[in-house]
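Below are two complexes that have subunit A in common, paired first with subunit B and then with subunit C.
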Partner chain A sequence: MIRYSLRRLTLLLVTLWLLTVFLFALNYFFPGDALTNMTGVRSADALHYQRLVAERNFDGSIFAQYLAFLSHFMTGDWGQSLTTQRDVFNELLPLFGATLELSLLAMILALVIGAPLGLYAAGQQRGTMDRVIMGVSLSAYSIPVFWLAQLFILFFAVKLGWTPISGQINPLFDIEVRSGAIIADILLSDSSYKSAALADAINHLWLPVIVLAIMPATMLMRITRNSMLDVLQQNFIRAARARGLSEARILLRHALPNAMQPVVRQLGLMFSVLMSNIIVTEVIFNWPGIGGWLVKSIYERDYPVMQGGLFAIAAIILLVNVAVELFHAWRYPQVRKELYAEH
Partner chain B sequence: MSAILDIRNLSIELATDNGPVRVLDRFNLQLAEGEIHTLVGESGSGKSLLAKAILGFINPRWKITADRLWWRHYDLLALNASQRRIVTGRDMAMIFQDPSTYLDPNDKVGAQLRESIPVGDLSGIYLKRRADRQTRAERLLHRVGIKDTDDVMERYPHELSEGLAQKISIAMAIAHNPKLLIADEPTTAMEPNTRGQIYRLLAKLSGSQGMSILMITQDLTAVIPESQRISLIYCGQLMETGPTEEVMQKPYHPYTDAMLSMSLFNQETAPKTRLPTLSGAIPTLQHMPIGCRLGPRCPYARSACIHEPGLTKRGQVEFACFFPLREEDDHE
Partner chain C sequence: MRLFRVGLFASVAVTGTLIACSPASDEVAPLRQGIIYCSEGNPESFNPQLGTSGTTIDATSAQLYDRLIDYDDEQQAFVPALATRWQAMDKGKRYRFTLRDNVQFHQTPWFTPSRPLQAHDVAFSFRRWLNTGHPYHEVNGGSYPFFTASGLNRLIEQVTVIDDKTVEFQLSRSDSSFLANLATDFAVILSAEYGAELLSRGTPEQLDKQPIGTGPFVFEEFRKDLIIRYHRHENYWREAPEIEQLVYSITPNANKRMLKLLTGECDVIPYPLVEELALLDTGDDIQISSTVNPNIAFWAFNTDHPPFDNVLVRRAMAHAINRPAIIQTIYNGNARLATGVLPETSWAYSPVDLTYGYDPQRARELLTEAGLAEGFSFDIWAMPVQRAYNPNAQKMAELIQSDLAHIGVQANIVSYEWNAFRRRLARDEHDSVLIGWIADNADPDNFFRPLLSCAAVNVGTNRANWCVPEFDDLLIRAITENKTETRKKLYHEAENWIYREVPLVPIANSMRFQASRSDIHGVEVPAYGGVSFRQAYRSDGAQP
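Our next item is the complex of A and B:
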């Protein structure tokens, strides 16, 4: 297990490093001056420019330039925005928090809805409810998220008026931004209207969370159902029945843990799908997260921001995937055998 | 002989696209207490289906009919599914080919073993009960010849050899002291050494616990000396049954004779000659011959063989053939 963890972590580091090489190279492919693209400083002042050239080793070789880029990047100097002149790294942190909050809530909701429904469908195999659940999940899976989000806004926010159309919280509450995750910020704040603010935040939250959760939830339903049906046909389940164990014990103790194994393995993949959906959703709901920020930067040709956003999203996807793989190998020891090919 | 398992004229029909197919045709089997009975048949002969029918692992699409399917004083066909599960769960156990697939891959061996000990056998309350469970699990492992119990109990099934996995499934099978153990090709794909260990273990269990064992195997080389009786089955029909010694030494039925001469322990074949085989192949389910199903492949078949031969009894042996290889007088 230690060897496997080390291998995964090495892979993670190597991938992150390759990502920095890619980001560095982008500065030269984007139109305009590479140094301006990198730092975000549009300086007419020759002296200032000379200082930047020296700082970034731009009079040296490409390797020296990369090393300078890397050292700046590692210390959190990700340049400044070309449009707002604000520091990319500091601007990114609260946006990252807002995105994480949204994605975690959506993931939890997907698990809470998807896994039990999949198990229920497996129990009713080929029954009416099985067909209904599988049919609905397939249709829901096929709906593109940008269209679904707009439909939901039109129906729940505009027509029924249950919820605000967009945003994270009513600005009247004036919550200080610390982590960016609105619920955490409200709980940390010293506002005298905490509960009212919390209610308002949740009112803003639930619609985007549902929109985001639908895709992973339908994936989960199908995977859980199929893997449960698969496990129930395995020999060890039949043997447990033959030994006269109770049905509840067979399902909870033997079928369920084994059925969740492929589900756990797919969680990383589901998170990647979720992250690509979150970009669209944030734009539509005007959510102050990294996705909306990234899309805006692309429209504005704001290259330093683009780099920061890309790196943050890619890094979180990688981190989650490695974490899921490590958890999977730790929880399901028999897969370790396959990993080492010790057959 | 008082049989604890009494099967008379058991037939199993499978519904296929081409109409029902009789995969087990009026099969007879009697098993006495503490007896080891070996059932020999090629793959597809219906021997595993027989085991499933006894244990009640029944697919609703199968049609099962029998004049008698009695276990001790229970008429198994008259019981409903849950009653039957109680009876078979209490009295019977089965071990299989590929034992490691019958263990939960995500659970430690010890936990699965402890789980298979019936709650009713334990004494004391919570903590004492747990300790009791543990000592009983250890004792079970000792009984199947595993000494290093602590190490084995901490392992996951993928860390076991097939022989060890089979010993553990035997330990789990005997946890509730069954009266009947069905062993379905328990040693296929095992090394000869491990195979011998498993057989000795089964013979010992039968001898010391009075446990009846129905041993299902593919060829006659796997028939162990402790086996008192033997039955040969071909395409769902009983060919010959009787005391092991007698059937193996002086077979009446051409099929038994062919199986004996095909077995590899028959050393009389000259080098570089073809090994003796029955001509033809096992018929497919849809194309079962009428009458004696061995007919088309039997070297002694005559026109009478298109009718099904009933069982003929000669002494202790019964066989289904119109033209036995020897008459009763040879036997005297």
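Our next item is the complex of A and C:
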């Protein structure tokens, strides 16, 4: 396990490093001055600009420039925005929290809906409910998220008036932004209207969470169902049945844990799908997260912000994937053994 | 199998609880005591001196600051604001203002004022853009388009502090538009004490980012593309506002603004899609109000770019477009066909139609005369945002495009993000542009010098790049004149000049619309200037 973990972590570091090389190269590919693209300081601000030329080794070779870039990057100096002149890294932190909150909640909801429904469908194999669940999941899977979001907004918010359509909370609740994750911020705040604010925040949350959760939930349903069906055909299940174990015991103690193995393996992939959907969802729901921020920065040609957003999204996808792989390998030792042909 | 069912029910139950958790929390105090205004964009800064954009004015002037004097549209007169009295001396070449006592500046976590408003604050606010040597002149760009375009920076020779409560303006000549310009949303009063403190801290640029003023609301925070938050200024010199909190929720998309108004996330929205709101069955929840707005939408030709340096081509363009059809399509009849640069609301307006009729045949003849019988191709720049004078510049550009196709001219439509659009316009990158102007004050001069004078070419508000010194002289004569009748004649002459030379084609004078939830009252949109929430309040019990 240690060897496996080390290999994974090394791979993660190498990928992240390659990402920084890519970001560094982008500064030269973007139109305009490379140093301005990197730091957000225009040459019109002569004093500051000259200081940065020295700091960032812009008189030196490209390698020296890269090293300077890397050391600034590692210490959280990601430059300033070209449009607002604010520090990119500090701007990014609360946005990151908001995105993380939304994606985690959506992932949890997807698990809570997807896995049980998949199990249920497997139990009803070829029954009516199985066909209904699989049919619904296939059609839900094929609806693009931007369209679904608009549809839900029109129905739940405009037609039924159940929910607001933008932001994290009614802005009149003056909740100080600390982590960016609204629920955490409310709990940390000293507002005298915590419970009302919490209710309002949940009211803002549920629609985007559902919109985001639907795609991974449908994927989960089908993976869970298929892997459960596979497991149920195995000899050890038949043996268990022959021994007269109760059906519930067979399913929960013997079939389910084995069926979850391929499901867990797919979680990383599902998270990647979720992250690409989250960009669209954040724009539609005006969610103050990284996705919306990144899209806006592309419109405004705000290169330092673009790099920060790209790195944050790429890094979170990589981290989650590696975490899922490590968990998978730890939880299911046979996977490691297959990988290294160990016995 | 029962366990599967439990799983199914559990997942349904979780979804159910999430949906059920949606109580309408209208009773909570912060929601009752605040108003949300869904503005159409980010302000460029928090100091109106630095810009001319309506978005910035709406977000700052009436909320954060006060002026020396205000203009009362009903009485058609200047009324005291920070100055209680003023007198003209030396035949209108010197003005002396007496300041109000006990006007308090905002107290915030980043600044605690030690004294009330004094004459030094007035001097500081004006010297910042008057004196190029002022320590704040170059801070945050050093460009003051309104003051340059209106010529105020050359009109005021000196601002003198007589004593703590008295300040004097020395003018280079007598100018009938001086008081009108002081009453605009741009002539705000900043705190000299705050300026000095920021200088000593080494962060002068904060002056326009973390603003301190004397206005009815205190700045709290700004998150770009999300919100601006203000709270009530408790020590405001007028009666303090009724609402405790004012939030600008930034919503550039017009459809989204309308939906947010319907779901109650916005209390007030500017520039609503009037016809679409009318189609929806909103019951009594939404009210739409309109104010007469002294504005003009026009199509300006960059007279530096050929072939628009040729007046025949400009006239041909004016004949080629079907303006009545444009009014019908774009404004849904909520606008008047412009008859000249001045709108009907101006006292200098004369009811003679000084525009070119729709006549494609004549347009072709003019083009042939100009040696362009084969036609040509050029760019029309269309604003990406809605403004009071033009709710849909893109669509207008498309109509013009098809009209021009009939006379063999090919127009390409170009647009950029609003702030970039204005920057590029100022750099003269356009061939022609669909834009407009909203008057900042009641003086007719405001429609001419900021739009068509040589000074306006330099600051980039003269979209036609049209600089004729004789025309400038005419405008100067008009403002040094005191007799209304003579001024009227001079402005009529100016209108005729524009009619002959066609640096721009006037298109429409329109209304400014605003929609709000029906429990919101007292939001004012003065004819000259930005929206004001000073007297806004939310009526109780209006909720069903």
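Just so it is clear, the second predicted complex is superposed on the first by the 337 of 343 C-alpha atoms of A that agree within 3 Å, B and C clash if a C-alpha of one lies under 4 Å from a C-alpha of the other, contacts with A are read in each partner's own complex, and residues count from 1 in each chain.
In this text, a contact is a pair of C-beta atoms (placed from the backbone, for glycine too) under 8 Å apart; a residue touches a chain by one contact, two chains touch by 3 or more.
Keep in mind it's a predicted model, so treat the numbers as computed, not measured.
Aligning the two structures on subunit A places subunit B and subunit C next to each other without any clash. When the shared chain is aligned, subunit C comes close enough to touch A:158, but subunit B does not.
By the touch criterion defined above, A:2 lies against neither subunit B nor subunit C after alignment on the C-alpha atoms of chain A. In the superposed pair of complexes, A:74 makes contact with neither subunit B nor subunit C.
With both structures placed on the common chain, the touch criterion links A:46 to neither subunit B nor subunit C. Between the Cα centres of subunit B and subunit C, as seen from that of subunit A, there is an angle of 160°, stated in steps of 10.
Set side by side, subunit B and subunit C differ in how many residues of subunit A they touch, and the one touching more is C. Once both structures are fitted on chain A, no C-alpha atom of subunit B lies closer than 16 Å to one of subunit C. If you check the complex, the residues on subunit A that touch subunit B are 234-236, 238-245, 249, 253-254, 257-258, 261, 332-334, 337.
Residue ranges on subunit B touching subunit A, taken from their complex, read 55, 57, 85-86, 88-90, 93-94, 96, 98, 101-107, 115-116, 118, 156-159, 169, 172-173, 175-176.
Considering their complex, residues 83-84, 86, 109, 112-113, 115-117, 119-120, 123-124, 153, 157-158, 161-167, 170-174, 177, 193, 196, 199-200, 202-203, 206, 209-210, 247-248, 251-252, 286, 288, 292-293, 296, 299-300 of subunit A touch subunit C.
Touching subunit A in their complex are the following residues of subunit C: 1-5, 7-8, 10-11, 14-15, 18-19, 21-23, 25, 28-31, 33-34, 36, 220, 223-227, 229, 245, 247, 249, 251, 256, 259-260, 262-265, 417, 419-420.
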